[in-house]
Every structure is written in structure tokens, then in C-alpha cells.
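One structure, pasted below without further comment.
Labels A, B and C are assigned to the chains in the order they are written; within every chain, residues are numbered from 1.
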Amino acid sequence: MTNLLELKMVEKYFTKRSFLEKTQTIRAVDGVSLTLHKGETLGIVGESGCGKSTLASLILRLEKPTSGQILLGGTDIAQFSEDQLRPLRSRIQIVFQDPYSSLNPRFTARQIVAEPMRVIRKWKPREIDEKVVRLLELVGLSKEHLHRYPHEFSGGQRQRLSIARALTNDPEILILDEPTSALDVSVQAQVLNLLQQLQTDLGLSYIFISHNLAVVKYVSDRVAVMYFGKIVELGAVEDVMLHPLHPYTKELIGAVPVIGRPLSEVDLSYQEQKNAAGLSAGCLYYLRCPLAKKHCLEKTITLLEYAAGHQVACLEMENSK
Amino acid sequence: MKETILSIENLTVDLLSGGEIRRVLHDISFDVFPGEILGLVGESGSGKSVTAAAIMQLLTGGNKAIVGGKILFKGQDLVNKTPAQMQAIRGKDMAMIFQEPMTSLNPVFTIGTQFVDIIRTHKAITEKEAIQHALNMLKAVHIPDSERTFQSYPYELSGGMRQRVMIAMAQSCSPSLLIADEPTTALDVTIQAQILRLLRATVKNSRSSVIFISHDLGVISQLCQRVAVMYAGEIIEYGVVETILQDPKHPYTKALLHSIPDFSTKSRTLTSIPGTVPDVQAVMTGCRFHPRCAERQEICSKQKPAPVTLPENHHINCWKVSKER
Amino acid sequence: MKSFGSVYSILRRNSLTLLGCFIVLVMLFIGLAAPVLSPYNPVAIDIVNKLQAPSAAHWFGTDEIGRDIFSRVLYGCRISIQVGLYIVLLAAVVGTIVGSISGYQGGLLDQVIMTITDILLSFPSLVLAMALAAALGPSLYNTMLAVAIVKIPVYVRLVRGQVLSLKEQSYVKAAQTFGASQAWILSRHIIPNSLAPVLIQITLGIGEAILTASSLSFIGLGAQPPTPEWGAMISTARIYALDQWWYVTFPGIAIFTTVVGFNLLGDGIRDLLDPRSKN
């Protein structure tokens, strides 16, 4: 299988320089490596602060990584200038989480979907109009929606518009950043089904970012679990979700409210959320980890293959093999 | 007939919005028993938050918005209470926690200042006693450094911490009823699990009752004993959680369960519910769900379904169920 | 966009706004139709009839060289409205462009522009306008330019604030992902969505602009004789104020009415466009 997209040790650090305080470095993305194969859906799960949205920005090159490589079809775009990126931009597109801020309130549906084509300036007006109608129908809207404004659509319909817009220039990769998190559950099902249909019909590859594990399990082929900028576990979705290896993945899965599964009886004390900040080596999950040992703070932890295609970044797991 | 802490009878609420009157609650009825956690579940437009506001008498438009029915709190009808009377009840005997911990705490005052304020509004004690009480409450919700949190501003705390503070404040006067309006929706899933456990323990210790509002059926199943399923301003199914979630009778409840990706089993297709929630102004005859219902019959569009009661106080409003009996 | 129905209902509810609207419309009409409405040529000298009290022949009386004050007030309306609009539109256009580039680019450019803006804003506006007008030379045109320059920083700040928050909207990021240029994003996405507060500021600012320009003319920096500008008229009328009350009064009432009218209308438009003042 071809690697459509490959990230190698991508890092994004933000330095916070404050007049009276020490300079703080926030490692939003801290050495992430992953690959996306053609036709697959790679899920990325994590909680707030794990860096998944920053990762999306980096893949789209809305931001430049501090270091590392981003290989799009073999070409490293990590340090490309805007001019160099422009011809490649149509290959990766994004659908955002918030149906309300992802559409310009002053644009009609037609203008919204047509915009990517108009930016490229390769199309004639009539071709654009025909394609817009086709795209609207593809996502389950229709011609009569052409001249309506975003506020006239429901949340689910707005997400469909966002999807149509993302498909305008025939992308290969679609990044879906929590596309259904702001929608009602019954609407979510509609949009997820639509996304799966489109993937089959158009041969798209997806990166599906979410904090909702059930949704990620439903849509993904493989999944990466992120914790404070690093990937702690990566593998086929059934392997990771049903046989999790990393203690954090286990905690995450244990916390998902599943119908019929009772709330576990666990110590009620406040669990420290912040990572072991300031540590240059060692595991960021140390403060919360039931398996934590001294050497977890001393050695560098990397993602290592535990079983076929299933990688985990944990010294205790390594040792238990 | 068990004694109830709260008894809602045929509550109907109209709200004025944009110059128009919209009926947001249609004749709803349910009870809350002492020491139980009752879930109120529904999607947007179901009226669950309006129900909470109505109980607290915090609707915009005040009492005028309630056009029918009774809200019996420990036997007394809250609809007839004056604002002054309600103020004495709110915060003391009945408390509420909200979804967005960022906006429910005043950003310009420390936690301690706000907490002491609340306590002294309802209890005639000295400041020193109030401070001690506040610190005790913070410890009771397992906040590690209660003195430090007491002196902090809301922005210095994480979302999970703020919700713990909210729970502490809500419980500080030992209310008989706590209304929790989506308190964990904005939190990460691991934090949510912690807060849910905390809520359950708090309720067990204090014997207060809780109305837990959520759109997440998983959370409801973990926390609540009974649940009322709301759709478009009505309660369409109401009963014990296990029964309703494992063997739902109302087509909406069934469809809802089929549209959620189930974490534990292997993948099955999600079936979506066609159409959308009816417009609030829409005046409909018959069952409010019938246009989207896969099992609708002719009578569904004509008459409102008569309520059916199955064993164990399982109430459903549906013609299909009614006819099967 | 709001329907006419809601615009009308807001106007009806707020009678002050309706009054403001009425005044502005009357003033606009007068401004346009001054040549037709004036009974006399505003610069026609008639020494014989100088300093006459208001009468049937001269509704507002005559000035010290016999010119009909009524006609001069009507023509003055034309001048003041033009002045007000010119100042405010120039300031708004320049301010919007500078503010949006500054806000969108950020970085050093933004810092520099903000520093200049802050320096300009730290001067009392009238004083700064006087200094600029004096430096450019006394004429109505230079006065308009001076006042406009003084007003630009207000729009720069206003638009920059809007742009800073709009920049973060997902639809702007989406546009970036399809390779839209900065100019495209600014002109199609950012500026159109920042216009509401600018429009409010424009309507509120016209009244102030007219007042400032009149003030400058009053001290001799603006309109030069024989231009029938209200401020200039009041300036000349000062020495006759005790005995010939009409000379000072009518231009004064004209300024007052016009400015109040625009301010009331501006308040009303703000209520209309400001989403927070609904409900």
C-alpha cells in the first residue's frame, strides 16, 4: 500500500515569553510519527491538550512545524513556503468541528462551495456552477439550497456544506476534526454514514480526530492515541480498543460511559491532569500511571512494536513482553 | 404511594422569543423520590434545560411562562411562590450545577469569596465559620489543596476542578434536590468519569435527590436509577433505566439507541433518524414524533397517544404500544 | 440581513430614532435642494438692508453686508453634510484598510501601526485637528482632511479588534487551506464581517465631524469668506450677538439640530445592528 502521507518526528513547540516569568515551552506536538495509507481511515483520539488539533494544523500546513518531516506523496512539505504549498493545497482538506464558525455567514451555499474553485482560477463559471450542484447533491442537499445562507440551515446541514466545500477540488485526504461533536446524536449518525459513503465512492483517505472513542471505533481502521503531544499507542482499531496496552489507553477506555456497564468503583481523589511538565526525558503519564516505576522518568520512551502493527510507548509494556 | 421530593404535574411552558410565543413544554409529568438520581435525556429542542429552569423558577418571563400544571416541591407548589420565597429555597433546599463551569463562576472574585457569600446568604453564621465550612466542603469533594483553591480565581483552575467547586457550593447547604444540567458534557472523558463517581458518592452520603440532565445515554445508564426520555417538549418514555435502555418500547428511544455507535460490540451500521426535530412553533396534531417514526400508524397523526403503563412504573406515550396491549 | 419589517418595527418602537431619522432626511433634502429652496443668492451683497431683523422678506434676517441669512443657512447645510460625509467616509475607508492589514498580519507591522495609532489617539482630537489644519493652511478642504486624519485611528482600532477575533474563525482557516491569498481573505471574509461596528461608528461620527469642522471654521481655519459655512457664520456673528440676536442664533440652531439628528439616528442604527441589544 502506498503511503499517502507520512509524518516523521514532527514537533511543534510554542514558547511563551513572559516579562516576569521564566520562558515556558509548550510542546504541543512532541515527536509524532505516523503514516496514512490510501483508502484508510486513521483515527486520532485524545483529550484536551493532547495536541490533536495542532497536529491537524500542521498536516494542513496552516502552521509550520518546529522540526520533523511531513511527506505528502513522498515530498517533504514541512518547511515549504506558501507559494510552494499552493499547488498542493487541494490534496488535503479539512472539515471543522463547529458548524457555526466554519461557514462565512455572508456567503450563500453556492458561494461557499464554489470558493475553492474560484481561488484556483482554473474553471469557467458554468463549470463551477455545475460542479457545485453536483457536490450539493452528493452530500444530500439540493439545488434549492444554493441561494440560502448558513443561518437558514440546521447544524447537520451545515456540516454537509462543509463536507461539500472540502470535496470541491478533489482532495485525496480529508481531515475530519471532531466533525460530529457539536451535533445531536441522531444527526451524527446521518453525517457519519455520509462520510463512509463518500469514502467508498470517491476513494478518499481520512484522518478522523475525536475525543469520542465510540465514534472513532466506528469509523476508523487504525487509531492513534495521543497524550500531551505524543502518540502513546497505535494500531488496528480492534486491537487498540479491545486489547489496549498502554495504561492511559486503558484509563481512557475504562472511562467511556457505555450503556449497561456500571461506573467503576475507584478512588475518588483528584487525579492530577497536568503532565510531568519540565521533564525532558521520561513518560508524561507518570503521575497518573498505576504501573509507574522510577525508570519511567529516566529513560526516553519511544513507540515500539509490541505485536504486528500494534505499537505502544511504555517501558513496562516493553519489559513485560 | 411513595413520598416524593419533587412532583411535576402536567407542566406546560410557553416562552416568548423574537416576538413570538413558542410552546416549549407540553404537559409533562414526572416524580423524583428521595435519595434517587433521575435522568432527563433528550436531544436539542427536547426541553430538558427548560424543565430545569422551570423547576428553579428561573425562566425568562418568570411565572407567566408557566401556563399550566404544578411543580410540587416537598408538597408545596412552586408556581405560586413569590420571587422572595423562591430565593429562600434556591441555593438552600434546591441547588443547580451547570454545563459550563467557566461561566457559572464569577471570574473577578476568588473561589473563597464567592463560596462564603453563598453560605452566608442562607446560613446566619460568622465569616470565620463560613470559611471553615467552605474549606470542609472543598475537602469533601476531594480537592487536594483546599486552602490554595479557596484563594484561587476561577481561571486558575481546570474544568474538572471548577466542577468540583460547583458541586461543593451546590451541596454546601445540604439541599434536598440537586439539578445537574449537563455537568460533564464539556469535560474530557476521564475527568467526566471522576465527576460522575463524585456525584454518585455525594448523593449517597447526603441523601439528596438529583435530576441529571444529559444527551448521553451512556452517562445516564451509569449514574441514574430512573430516566425520562424527552422529545420536542414531551416525555415519551419514563421508567427504570435498565428496562428502558435494554428493552425500549417507544420508537424514538429505539431509534436513538440504534443511532449511537456502541463501544463494546463489533461494528454494526448506525441507523439515523430521518428528518429533524419539529420547529418549536409548529402546531402538530397527534404524536410529535410521528413524521419521523418508522412504525407510525394512521391514528398517530390525528390524536395524541394515551399514556400506557407497563409493569414497574414504565410509562410510554405511543399508539403502537398502546394497541399491542 | 434584517427584513424591512423588523427595521420598521424598531423605528416605530423608538420614537427618538424616528425623530433622528426625520431630521437627517430633512437636512439631506435641504442640502440637495438648497439652490431651489433659497429665496436669495447666498453671496449677494445688499448693504442697504444690512442687519435687518427677521421679517417676511428675510425669514432669518440679514447679516452685516445684507446677505440673506436664511439662504446662507440652507447652503450651509449643503456644505456641512458634504463635509461630514467626506470626513467620515475617508476616515472609515483608510482606517478599515489599515486596521485590517494590521490585525491580520500581526507582528512588527501591527506593533508599529498600533503605536502610531495610540500616539494620535492620545491627543485631544480638536487640538490635533487644529494643529494639522493650521499646518496645511486655512481652507475648507484642508480642514476636512485634518479632521479625517484625526478620526482614522478610531477606525483602525475598531477594525483591528474585529479582525483579531475573525481571524480565528474556522471559515477563515478553511479559506487558508484552499490557498486563498491574504488579499482574498481580507476582502471577502474579514472586512465584510467587520462592517457592522464600522457602520455604527460612521453614523455616530458624522455629527461629531460636522461639529469639529464647524469649530475649526469658527476659529478661522476652515471655510473662508464668503463661503456660507455655519461655524464661520457664527464666528463673524459674535460681535453682533447682543443687538442682532438672529445672526448668531439661526446658524447655531442649525448645527445643533443636525448634530442631534445624526446622533439619534446613529444610536438607533447601533441598536439595530448590535446583536447584544436584542432580547
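The criterion applied here is as follows: a contact is a pair of C-beta atoms (placed from the backbone, for glycine too) under 8 Å apart; a residue touches a chain by one contact, two chains touch by 3 or more.
This is a predicted model, so every value here is computed, not measured.
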{"item": "Chain whose mean Cα position lies farthest from chain A", "value": "C"}
{"item": "Chain pair bearing the highest count of C-beta contacts", "value": "A-B"}
{"item": "Intercentroid distance (Cα basis), chain C paired with chain B, Å", "value": "53"}
{"item": "Centre distance in Å when chain A and chain B are each reduced to the mean of their C-alpha atoms", "value": "32"}
{"item": "Contact set on chain C toward chain A in their complex", "value": "169-171, 173-180, 184, 188-189, 192-193"}
{"item": "Residues of chain A that touch chain C when the two form their complex", "value": "60, 62, 85-86, 89-90, 92-94, 96-98, 101-106, 115-116, 119-120, 162, 165, 168-169"}
{"item": "In the complex with chain A, residue positions of chain B that touch it", "value": "43-44, 142-144, 158, 160-161, 164, 188-194, 196-198, 200-201, 215-219, 221-223, 245-246, 255-257, 259-264, 266-267, 269-273, 276-277"}
{"item": "Touching residues on chain A, where the partner in the complex is chain B", "value": "47-48, 154, 156, 184-190, 192-193, 211-215, 217-218, 238, 241, 251-252, 254-266, 268-271, 273"}
